[in-house]
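You will see chain A twice below: alongside chain B first, and alongside chain C after that.
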Partner chain A sequence: MLQYEPKAPYVRNRDSAFTVMMDVVIALLPLYFMAFYFYGLRALMLGLASVAAAVVSDFVCILLEGKKPYFRDISSVVTGMMLPLMMSAATPYYVVVSASVFAVVFVKHVFGGVGQSAFNPAAAGFAFAVACWPVQVFSYPAPFSSLEPFGTISAGLSSGPAWNLFQGGVPANDILDLLLGRFLGPMGLTNILVLATCLFYLLFRGAISWQAPAAFFGIMVLAMLLFPRIPESGPMSLVYEATTGMWVFGGIFMLNEPGTLPKRSSSRLAYGALAAVFTILFQRFGRAEQTFAFALLLTNVFSFTLDRYSERLLRRLRRVYLATRTKLSEKKSAQRA
Partner chain B sequence: MQQEQNSVKKNLRKELDLIFVKNPVWVTGLALAPAVVGSFTVKNGVGLSLVFGMVTIPVLVVSSFLGMLPKKVPQYARTAICAVVAALMLIPARLLAGGIAPNLFDSLGMYFSVVALNTVWIVRAPLCQEKKPQWALWEGVCQTVGFSICVLVVSALREWLAYGTFGGNSTVLSVKFPAVAYAFAGFITVGVTAAVLRWCVDRSRDVVASVRRQQKKWRTQR
Partner chain C sequence: MSGNFTRGIILEQRKEPALRRKLRTFLNANYAGMLFESDLPYDGAALSGKQIIEIARLARIVDERDGLFLHEKLEKARRMNVKVVVGDAIDDEPYVSSQLNPLLFLKKEAGGGLRLAAKAVGNPKIYFAIYKNLSDLDLKTKLPKDIDGVEIRRIHGRYPAEFRTMDDFDSHGPAVLIGVCSLIHLYRAVYEHRIQSTCFVTVAGICVANPTNLEVSIGMTPTQLFERCGLAEEPGYVVIGGSMTGAICEDPDSYLVGTMSRAVLALRDEEKKRRYQCIGCGRCAEVCPENLTPFYINRYIELGKYETLSFYDIHRCIGCGTCSYICPSKIDIAENIKLAKIEMKRRRHEKEGD
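What follows is the complex of A and B.
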């Protein structure tokens, strides 16, 4: 028997913030498995260092704010897991740790904690790392090269096919290698097939809504097919861009972050479209080979505005619909009379 | 006589609050643009403080003299006169900056001129028209000291983190964060230092209040 009077809202969803975040963590695990397969123990150690830095800084911030730690909030774990996947497996530990701390302290907690941040913490952390240490972030080891888990890396590092695309050239990689992720690139973004599986898993579980990714991927694919930025056919350009770019990973994991995603379905569609437009513009006119994070940070600014305008638009449409309906009914009644 | 002395002391203390408790940048949010964007080295910080002082103090004093003009002179004309004075003060500021360090003017770039139209005097000049010139001068000095402290702290922090140096001299910092020299990090640094200042001011108020309470207790016990 209930001892208290229930209060609104009465409708309860099966999914809580914890279950949604847990789904994202589960979706990120295969990417870590692939990173471990390609680069060995160092990939996992980078992930662990990043997660530890994010969780510790989150805990310290909560204590400084005078709040009680809430252990079912694992958003900092998700941020910590995402960051190393966007970087090279040879990235020094201080880069990953600094990016994590920046993301949690200056992007998540400065704006009021989980669900309140105006910008995507992972995107901001990555942008900070790129602004500070672009060479370390964009210098990649070859897949299956033995990387030392700690200390300096003895394996040779060089730029990947994303750099070729950025320069306007065509990558010399085999298509099968590109599809299987066997090329120089960030440790979690090269496995397009695994990423596609993650997208379907998250959609199936209901952890992400379909509107923003549909609009985003639709416009991105159309743009790659119709306006390739390299001297290649549309479909080939799409394969190169999708396998080497960060936008596929970002469109699945970062675009749908609940804190920054608009609340209405129509505004989510507009949000995805806007993110795609900004991504294309940054790709064409940006100064780095991976620019999705910067495009997303710019899109985040419009999240609230899109919600507000879509609400106004829907209200106007509803008024017009009601007005026409009443007019029609009046006409009908007049005809009957 | 005693009352007059008390009011002078009160005014002196009131203006001294501008250094920390009502700091123009950290607390009031005035003159943010040069403090955020231009202060990424200690050298720039010194230059900005110098130009700020050279512009703000004379403008506030002139505005107090403008207050003596008949009321027929409209406010917009008075503000225009202040702006002309501020622009003219850039000439001696430029000469002084060149005398202190030859590269100071070049390193400040456009921020040298931006400081001439800082929001501190734009906000305070109309209010200084009701003050005596000596009090306007005192306010200008306190505003300059407050601005200088903020700019020097922010620029020292940013230079240390971004380049691992302090005033051009290398320091012990194994990891450098070059992005801290960018404008976005200026906002973050000003915000973080403002939060630290607020915490310190709150704690000092608590300490002063507790000491006063204790003194009162002792007096009543005696």
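What follows is the complex of A and C.
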């Protein structure tokens, strides 16, 4: 009668892996809209190239592994969509494509595919691009400058306010421009208001849990307020760092990538805090202007260990709780007798 | 109000009988109204506790909660000097209301039965315990505060509620939970000397035209029940028991519905199982009522590393199925854990045998 044997429970939640990842795709779309608004068609073409490269390499890897390709698994689309957003709109296509192929082949599939990778594919792809082509990735065109969708870029490229911060100086940009994202920067990460909306959307949909971002952003904001790395007051330093840094985007999208995030809520808090500490250290002592990806890759290593320690703590607490409960009930029955 | 901050899931309402929909009877003529022979009076007030237990034995009443004979349960409770007797009408799984519905429509029998059971145990405190999911907010107004003079206590919180019941009652001392249906049968046995020949089942599911709570003769087949309630379409598969923990009925024409059946569900084969690889989201660990980490348990089961499972306290799993319910990749985590427990037991026996 049945081709498969249904197993209990016979009612299931409506969410599926497809809807969970689709939520992330939907949250990434406004960022692409902003990129299109600032840089025109080239932003979208970069996204398309990256997604196509990711999907094709994913498909080839699955075939090479001898598995059946499954078109409702869109994790490679998510990886492909994230990558170009972190780079300049004038990045050559070969940089974006090779970063996305690297992310899917060498980070995702080498470890065994979806949900198995030890490192965040998007962060690793970006780190790869930074290591190989730092100039192309970090030279930004001015917003609203007309970029040719294909071929060489005629518009002038220069470094943005993130470079000033990295050098220890104060950016000369207007605060309103910074808050609205109208400055030289990665093509999708500059508008902090849109990013905040994405965070609330993902939290509301339950696509990400609150623990890791809460710990991460809490510590980051405190650190920026109390210990500014530029000669400015705390709140001003926070505005500069949050608008120009990649860590806001990373804390929303890359930190919460389900495969690398710890599974217990207590270890998620610790994971977010650890990511924040590494991000700050990389900011102070790093050798590039955007270092969040490297900090995240380092944090990924501790994911399983944190879970293991959290489980050990939980085991101990559970045993203490059960022991006290039995002791209490014994005491009660002794009193009654 | 303890239990509102419990871990677990909020289940959705399904195509199930409305609570105000009347309980109907569907009896097989051969056994309806079979009596046992006894000289004991037809009056609960005149009986002693021992005599009530004797009547429960003669009427062969089975508690639908755990499948034990009611007289054995009452005797044990009497020996243990139980302080609280709770009439259990906790239907925490969706589709099922085969304990709550009889409680609401056979108030006199249920209340009288609980008093008789209390007398048999030695006059402790009595309560009814009911549960409905947090999602139906309007139920608070619909449900009465007491049934036949017995206080109703609502179990609060999220889905797996049955295992939490004892926490609400054992503050007075040792408590015993007795299913409402067996209390109704106890009342009938005392006042009419009737042998338990019926049981209460919910007939529901997406394929059933009129979901109803039925009192049916023991030994009917699911097919007969579906004929009584009408099928809107051909069912994909039939489930006996709850929708969260029940079992598949292979042959609805010859399976016999019994005291423990609780519900007969005709479900559509609609959920073309789209299986995904585990994406590692960790939602199973968020909802587990025992605060386990089903993600790692499932992974180590897949890898065949059974010796690591005890580190993750697999023996504390209560088999409620919340992890499978919530899993976005539709992995049968609860089933895997169940099988792994059996496998671990087998290996332990093998080791001891050598």
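Following the convention adopted for this analysis, the second predicted complex is superposed on the first by the 308 of 337 C-alpha atoms of A that agree within 3 Å, B and C clash if a C-alpha of one lies under 4 Å from a C-alpha of the other, contacts with A are read in each partner's own complex, and residues count from 1 in each chain.
Just so it is clear, a contact is a pair of C-beta atoms (placed from the backbone, for glycine too) under 8 Å apart; a residue touches a chain by one contact, two chains touch by 3 or more.
Source: prediction; values computed, not measured.
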Taking the superposition on A as described, I'd like to know which of chain B and chain C A:70 touches: first, second, both or neither. second
State whether A:106 touches chain B only (first), chain C only (second), both chains, or neither. first
Does chain B (first) or chain C (second) touch A:128, or do both, or does neither? first
Pick one for A:172: touches chain B only (first), chain C only (second), both, or neither. neither
Does chain A have more residues touched by chain B or by chain C? C
Of the two partner chains, chain B (first) and chain C (second), which one does A:98 touch, if any: first, second, both, or neither? first
Which chain A residues contact chain B in one complex and chain C in the other? none
Where on chain B is chain A touching in the complex? 175-179, 182, 188, 191
Which residues of chain A touch chain C once you look at their complex with the stated criterion? 1-2, 4-13, 15-21, 70, 72-73, 75, 113-116, 209, 258-265, 307, 311, 314-315, 318, 329, 332-333, 336
Can you tell me which positions in chain A touch chain B when the two form their complex? 94, 98, 106, 110, 128, 131-133
Chain A partner, complex, touching residues on chain C are 9, 11-12, 14, 94-95, 170, 173-174, 236-237, 239, 243-248, 265, 267, 269, 271, 273-274, 276-282, 284-286, 291, 293, 295-296, 311-313, 316, 321, 324-330, 332, 334-335
